[in-house]
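Before anything else, here is the set of structures, which you'll find just below.
Heads up, the next two complexes both have chain A, just with different partners, chain B and then chain C.
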Partner chain A sequence: MAESAVLEGASAPADEAPIESFTVTLIIRRFDSEFDDEPRWVDYDVELFATDRILDALHKIKWEQDGSLSFRRSCAHGVCGSDAMRINGRNRLACKTLIKDLDISKPIYVEAIKGLPLEKDLIVDMEPFFASYREVQPFLQASGKPEKERIQSVAQRERFDDTTKCILCAACTSSCPVFWTDGQYFGPAAIVNAHRFIFDSRDEAAQVRLDILNDKEGVWRCRTTFNCSEACPRGIEVTKAIAEVKAAVLRGKPDVPKSDLVSA
Partner chain B sequence: MTATIPAPRSSSSRPRKVNWEKWGWLYMRISGVLLLVLVFGHLFVNLVAGDGVHAIDFAFVAGKWADPFWVVWDTLMLWLALIHGANGMRTLTNDYARGRLRKVLLGAILVSTIVLILLGSLVIFTFDPCIGAAQGGDLAQFCTAKG
Partner chain C sequence: MDFEDGAVIDGVTYHQYDVVIVGAGGAGMRAAIEAGPQVKTAVITKLYPTRSHTGAAQGGMAAALANVEEDSWEWHTFDTVKGGDYLVDQDAAEILAKEAIDAVLDLENMGLPFNRTPEGKIDQRRFGGHTRDHGKAPVRRACYAADRTGHMILQTLFQNCVKLGVEFYNEYYALDMVMTEVDGVEQPSGIVAYELATGAIHVFQAKAIIYATGGFGKVYKTTSNAHTLTGDGVGIIWRKKLPLEDMEFFQFHPTGLAGLGILLTEGARGEGAILRNASGERFMERYAPTIKDLAPRDIVARCMVQEVAEGRGAGPHKDYVLLDCTHLGAEVLETKLPDITEFARTYLGVDPVVEPVPVMPTAHYAMGGIPTNVSAEVLRDNTTVVPGLYAAGECACVSVHGSNRLGTNSLLDINVFGKRAGNNAAAYAKTAEFTPLPEDPAKFVRELVESTRNATGTERIASLRKELQEEMDKNAQVFRTDESLAKVTETIHSLRQRYQQISVQDKGHRYNTDLLEAIELGFLLDLAEVVVFSARNRKESRGGHMRDDFPKRDDENYMKHTMAYLTGDPHSADAADHITLDWKPVVVTNYQPMERKY
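The block that comes next holds the complex of A and B.
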């Protein structure tokens, strides 16, 4: 008993200084089609800790100041990909952007991602984004029926590891200047997810996907501005993946490592 | 009776067209590498080597084009650079212009590129160093000596 009392005392000293908090100004681009013809910037002052995230600030505004503020979020921990938004002009996940990493001496600008139809406040219509995602056939296509599993070597798995990390948050696609002006362009996210299967040694439909991306609105529209690589919250090298798909289209097939397994 | 429907995107069902986007992209990379050598070589020879920029006059140009090496060099540079630039303008136009404006701009780019290439080629291949020599041009001595 005595020992646990000591531990409790050590972990929560009564005279610990309170954690410093700051008043942060957020300027949010609000839009409600019922009342607004044009989106308008509205500012909010929020009391925040350095360890808070933009998502916490949005919660505070919604729960304590203005319940009409609309935004998407689901897991709130950078996995579901719901809360991609433009924070100070850069596409970020609100749940992964810490207050301490931003300059709070100036207001923080938050708006919806660009290039997709704005529905309300920070919510956009993601359907065009998912439509081009579906178009690249983002699923494994293999003909054989193995007894147990489809075996793959470590090197073969490594080949497309980077592009398996995509969470479909649309931060890359909506940061692409080509996508802004031409919504027909597949966009980085669709190409990343095509890459994930094109370079998978178990998949057999690489030719079909390369053919789809060889189209007028396919990989050749990419201008390698690197906005997508900079925007990706999962750190995927998006521009590199697109370049690899371009090279695969030119070569006619993807360079997938040969199996180094003893027996297949 | 069953009708067989070819799988979508199977090669037999679609006539193979020239993929301009692909070849255009490839052209930009290849011509870009070549132009790097051609343009900087050109700049060095004209502006730095020898007397530098002060050496450039009619005789300098005539002297260069007396050598087939520089005729080939300049012709290559003319064609590659103009098509490279025009293709870049074309992609920009496709990115930012819509409808009629796009058509007009693309047409203007095409026409101006063809005119410039033809004009440039005409100058390179019909160049006469003795032009105006009778009236005492730059190369009057050389030309009269040649007969």
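The block that comes next holds the complex of A and C.
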């Protein structure tokens, strides 16, 4: 039995037939600088169910075949952002990628995300990624201390809702061809987190962030390839957010909705 | 021993900080935001801060803001006490409910994007056990950001740590607390941590230490908890022979995705979702006629298990019940409950918009933990403070949750008591001197790491862990009996013996997660034993601890906290040879225990 028990949906027929499992081949790009000169691809056969996730497959390998296989994971349901990796050439979270959604007639290729220094197996150095994040001043900057909450209308709150979903998994940034060739580029995730504050009606430092992103390594490096939007496991429209930041840089001011408050 | 800050001696790096915080979830980062600007502060965290499990919390954070209807902190206090089945320390609950209001406003002022009312204020929704005027009807008290309130809290706290320049040691596992004998008493003098990236050992000498390490839900198989919630912090405190309080009380959240345990927020029921059995009956009407599906979690979880046990479960194996959200409409689901809607679609292939979702209780939250007073100071017995040692959040037991925590009170707890811990630790550190480190403070961790890395036995970590988790699910879950607890006691003992024969395959020094899983299992085994031993001793049913063989609450004999102490050789066969239990009185202020009806 796999770690995650398999279960038919509420409307599934009441048959007692055992649930079918499959042998799936994963080919994983392994590397440990302590023992290897360069990365190598290693095959593993794993018995899996259709509803298992790639994370389950990696755990089965680590727990039953080779304990040295190394990867990050924590929540296992797509909210902590630990396990972004390249699965069949696409950036995804291992815990949100189900076997049934992959073609298992062929081997599944798994490797670390690209563009960040490879540390070991599926683990990369996240420090450059977080350094870019920190550079866009990703925190609310507002003067004065209100007596209670700062008032914000439903429409104003809605304006930046999409970019508040970011879990900093780096799937977007490490899917960006510009980032692969230019590690200095801020990358989509940092711009998404700048967007989250630029379009927040309570924030007063939009111009500071727009100036930062008007830099040569800022938004203008974006070539609108949409890889980032496709990679985002939270469904954030990353390319759209970048486009909105570009527009705000040109206009000099973000289009934050006017207050449309209903009086109490 | 003496050293310069940053010195490397025999391969060990020595650091000095006024305050060291272990853990970077909600409680740890809230503490850091207070302590950081005041004194030299470090946060040691086994995960990047934004990976912490606070981020998985969904539904909301309680505070009697009265933004959408009449409410008061006194009602909130009462609900917390009653929800905890009167095992709550009422002075602490009052602080929690009073300070809730500022805790929410603090977060909003820091930037948290709460959902808003039409007037632009923080919106509030209903949640289990939170009522108007002492139980008359559900009240809208939970402040929320869609169904990712925990995510927004974690992000907001991290953002503010970035703003303040808080120093993080990311992916450093704290594996020991160094104690130094001062005037005949053991005092904490530092933390020893293992750096995941390199395998290097670091000693952090500190004037004050704050534990904010979260829970240990991974003692169970079916759990909403992250893989990393292995109770390392609580386990270290235990091994240092400091007590643990109320460990028998574990919360099983009613609505885990069936078979998987992934959390579906109680906020779904707050928005109007209904639990149904196989015949479509809204069974909670029978058990809690006034607030029905919004009864506290312990009650709802028990009712669900009972429905299944009595043959009214749904599905081909009649082994779950259904969470019906279909009448809420696509818009409410997409805007107020988008994440859980996606979880059901992704992991079960069930679309909550058109069909009910299979759910069963999932191990969720430890009410018990490291005993503290309301100042977040750790206790070495019922009343004596360990100077300079603090704990906050799920790893701590204040006790604001008693025997059953109300939903939305944990996001509150981490903010209220995280802030108190940070402020009090900073104040302490300003006047305290460093407690000297003993000679070779890293000795224990160096030996632990080396012996574990070199372990070449025959037992696989994963098999031992799987057996522990499965047996805990079978025998120490929603319903327990002396027989079931005796059985799992045996299992734990045999697993502890087999743990001596483990093998670790990864012999490397870099990112050795194989080694860490082995060490984590050691903590899980220790804590599971304390949970079960404490549970066997409490021969009554209260809150999250339901004894089938003692189905009634017994205030005369058991309205008191359990205090467990490690007093012998932890490897002895009989847990009674090394665990000693004592009691601690419950603080009662305004509310005398009553029968708990909803």
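Note that in this section the second predicted complex is superposed on the first by the 246 of 264 C-alpha atoms of A that agree within 3 Å, B and C clash if a C-alpha of one lies under 4 Å from a C-alpha of the other, contacts with A are read in each partner's own complex, and residues count from 1 in each chain.
Following the convention adopted for this analysis, a residue touches a chain if its C-beta (ideal position, glycine included) is under 8 Å from a C-beta of that chain, and two chains touch if they have at least 3 such contacts.
As the structure is a computational prediction, the values presented were derived from the model and not from experiment.
By the touch criterion defined above, A:Asp255 reaches neither chain B nor chain C. Legend: residue contacts after superposition of the two complexes on their common chain; A:Trp220 is shown touching chain B, with no touch to chain C. In the superposed model, A:Asp43 makes contact with neither chain B nor chain C.
By the document's definition of touching, of the two partners only chain B reaches A:Lys246; chain C does not.
Judged by the touch definition given at the top, the superposed model places A:Thr181 against chain B, while chain C stays out of reach. Looking at the shared chain after the overlay, A:Glu34 reaches chain C, while chain B stays out of its contact range.
Counting residues of chain A touched by each partner, chain B versus chain C, the larger count belongs to C.
In the superposition on chain A, contact is made by A:Lys62 with chain C only, not with chain B.
Judged by the touch definition given at the top, the superposed model places A:Ile212 against chain B, while chain C stays out of reach. The part of chain B that touches chain A in the complex is made up of residues 9, 19, 21-22, 24-26, 91, 94-96. On the chain A side of its complex with chain B, the touching residues are 177-178, 181-182, 208, 211-212, 214-216, 218, 220-221, 223, 246, 249-250.
Chain contact summary for the complex, chain A toward chain C: residues 4-16, 32-35, 51, 59, 62-64, 66-68, 70-82, 96, 98, 119-121, 123, 126, 130, 133-134, 137-140, 142, 145-146, 148-154, 156-157, 160-161, 164-168, 197, 200, 202-203, 259, 261-264. Note for the complex: chain C touches chain A at residues 47-48, 50-53, 55-56, 104-105, 108-111, 113-122, 145-146, 148, 151-152, 155, 159-160, 162-163, 197, 226-228, 258-260, 262, 314-316, 320, 322, 339, 343, 346-350, 355-358, 460-462, 504-514.
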